[in-house]
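Letters A, B, C and D mark the chains in the order given here, with residues in each chain numbered from 1 onward.
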Amino acid sequence: MQEEDTTRVEAFSDGVFGIAMTLLILEIKVPHLPHEAPADKWWLFGALLSLWPSFIAFVLSFGTVLIMWVNHHGLFKHAHRTDNRLLFANGLLLLLVTFVPFPTAVLAEHLNKPSANAAATFYCATYVVIALCHNLLLSAVLANRAPGAVGSSAHEAAASRIRRAYGAGIAVYLAATIAAIFSPLGGLAICFSLWGLWVLLNYSAHERAS
Amino acid sequence: MQEEDTTRVEAFSDGVFGIAMTLLILEIKVPHLPHEAPADKWWLFGALLSLWPSFIAFVLSFGTVLIMWVNHHGLFKHAHRTDNRLLFANGLLLLLVTFVPFPTAVLAEHLNKPSANAAATFYCATYVVIALCHNLLLSAVLANRAPGAVGSSAHEAAASRIRRAYGAGIAVYLAATIAAIFSPLGGLAICFSLWGLWVLLNYSAHERAS
Amino acid sequence: MQEEDTTRVEAFSDGVFGIAMTLLILEIKVPHLPHEAPADKWWLFGALLSLWPSFIAFVLSFGTVLIMWVNHHGLFKHAHRTDNRLLFANGLLLLLVTFVPFPTAVLAEHLNKPSANAAATFYCATYVVIALCHNLLLSAVLANRAPGAVGSSAHEAAASRIRRAYGAGIAVYLAATIAAIFSPLGGLAICFSLWGLWVLLNYSAHERAS
Amino acid sequence: MQEEDTTRVEAFSDGVFGIAMTLLILEIKVPHLPHEAPADKWWLFGALLSLWPSFIAFVLSFGTVLIMWVNHHGLFKHAHRTDNRLLFANGLLLLLVTFVPFPTAVLAEHLNKPSANAAATFYCATYVVIALCHNLLLSAVLANRAPGAVGSSAHEAAASRIRRAYGAGIAVYLAATIAAIFSPLGGLAICFSLWGLWVLLNYSAHERAS
């Protein structure tokens, strides 16, 4: 029954991650033909290219939420059962994941406008809050480990590795937020660079766990 | 086969809960740069802050539906099989859960306007109807308990505890609706306060059931 | 492996049914405060009431798709394996289920306008096509029954009962379409009345099958 | 545990496929009654017919993503476990599947306008990229086969059959893209014609695998 509990929470979380990722596409707005038809038959390609802020925002948010999902997957492997603390830490994370399409749409709308610094700062700051929430979830998962796992050196090593990585996540997103105040694209570049870190982390954690 | 029946209804309900929660984000509208660009580069932060009705509506609805999902989870543990009465009581609940994004969007649009009282009253009244529907679902679940569970004192105690809590839910949401007629934020505060009650209920019910 | 096949198709179909039902809420548009604020503080209730075409369209479509889902559930109990014919008949049904939010939105927009007859006719005609498609799916399911089921009198009786019910579905939706040409609400009333028929059918089929 | 890994990735992918397919309906815009009510009571049918670009785009994209889902299903039967390469190749495919509603909406908006050639070229080019990504996923799946499957003549034959089909997919979508530069409907016709090829491929692969 405990096993089934974890399964249902994971399946529900997967659903929310998947829907949040898919809704991101709704923020890319179709360019409309202007009233006076442009002379150039291929005008549409220029209009599509000018949507680059939307494409950057879409790809960055999609990839980041996808990596969150992969990590969520890895994290719940350590959870042996669910209690209310785990359910609500997970719920808070899902609230924030569901929120991601909003800062993404704000970024897409403002990245090529004078308000770009404010939009990128808001966008990066959202991920700081999400990183903090991941740490809450980590504590809740560790408090729900299998009795045999607590104190086992292999599990403690895995736990401290994840803990260090999550701490690094907060630090890097904080740096991205501060960078975005001065340079929107600089802040976003730091967010993108985290993809590499997470892939590495997940890869090594996965290798050692299996 | 009966077991599988419950599983499929639960998985379907989880999907509807998850999608309804995720669609809530679509009601928060991205602020657009006014035609005459504001002098303040950080103008966007003020525009985001002025969206506070949307943020309150989003968080309140997300949390409430999430708690409904957790309770739905707990309730279906008591269902041993599904009959048509259970399927249709559950379907009515899903109809209302799916409806939640609409009063949420109405609240977000009107909470800082003269029409705030009407919007908050409509919002709270929706939850009265949902609470009534939860009671219908509870009866349907209790009618589908395992033969051994009926009459067992532990199960009867759990059932009457849930019944009391669901009755309290109706009463509190009714109070919130009446309060919202006079004070929109007062009504919403009562709705928020229910989170605490549900957490307590679920925690104690879970503890005793496991 | 064959069993798993059916499970994955059912889970995927459940997802599409659930999302289509949940997207229906997006067609109900939030009333906006007019530029000259109305004198009546409770003006919003009148504006919400004037959305009655949207509420009727939402409830009718939600209930109809929910009943389709329950029947889909019952139908797939007879499928022992999936072949390409079943996958594509099911895919065609999902295409049409996904389409339902569009005629629903058309109905919501036009039901209180001079174009109501055309909107209701289009809405009911959609269900005629869906009913035809259900018959395609039924044939595909019957062609994939367990070897033991073919020829067994109990299964043949169940199959012919479903066949008669699906035939009746086509006839009633055709009648609703013709009625809607003359009276939009008349056509919709016939659609609503089918709920009763399906409940009865499903109830008796379920009883006898279990 | 490895088995469960594949299951969760497949379930998550199914969710994303299903949501992307269902969101396609949001691109079909409800026709609004013009300010001066048209004399013809059945004016709405003409307005619906003039939405033919939206209907073509919806059906073509829905069917194509559905076939992708069926093939994804068939492809993952060969995966015995998941590693990070598989997770990220699959993630890239999901990014592109999620993207499909955007070129679909662009096509729907521009197919009956002078910008039709550009819209259809963009639409077909999206599928070229998706076909390339399917080849990446295929390599990742083949690298994760069960130890017994590698070198087995039956599995190698299945793998090379899929490889040939995926190669053909790239070629045909490339042809469709080039055709769309000169004739939008010509390019789309080639995309539609691929449905037949995929059905045949899947049918024969399924037959021989089972």
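A few comments on the model shown:
In this text, contacts are C-beta pairs under 8 Å (C-beta built on N, C-alpha and C of every residue); 3 or more make two chains touch, one makes a residue touch a chain.
Treat the numbers as computed from the prediction; the structure is a model and nothing was measured.
If you take subunit A and subunit D together, no chain is in touch with both. A centroid comparison over C-alpha atoms places B as the chain most distant from subunit D.
For the self-contact between subunit A and subunit B, the two sides draw on mostly distinct residue numbers; the shared fraction is below half. If you average the Cα atoms of subunit B and of subunit D, the two centres end up 36 Å apart.
As a whole-number value, the distance joining the C-alpha centres of subunit B and subunit C reads 25 Å.
Touching of two or more other chains is recorded for residues 11, 15, 19, 23, 26 of subunit D.
Annotation, chain-chain contacts: A-B, A-D, B-C, C-D (touch as defined at the top). Listing the residues of subunit B that touch subunit C in their complex gives 1, 8, 11-12, 15-16, 19-20, 23, 26-27, 83-84, 87-88, 91, 94-95, 98-99, 101-102, 105-106, 109-110, 113-115, 117-119, 122. Residues 10-11, 14-15, 17-19, 21-26, 28, 30-33, 37, 41-45, 48, 58-59, 62-63, 66, 69-70, 73, 199, 202-203, 206, 210 of subunit B are the ones that touch subunit A when the two sit in their complex.
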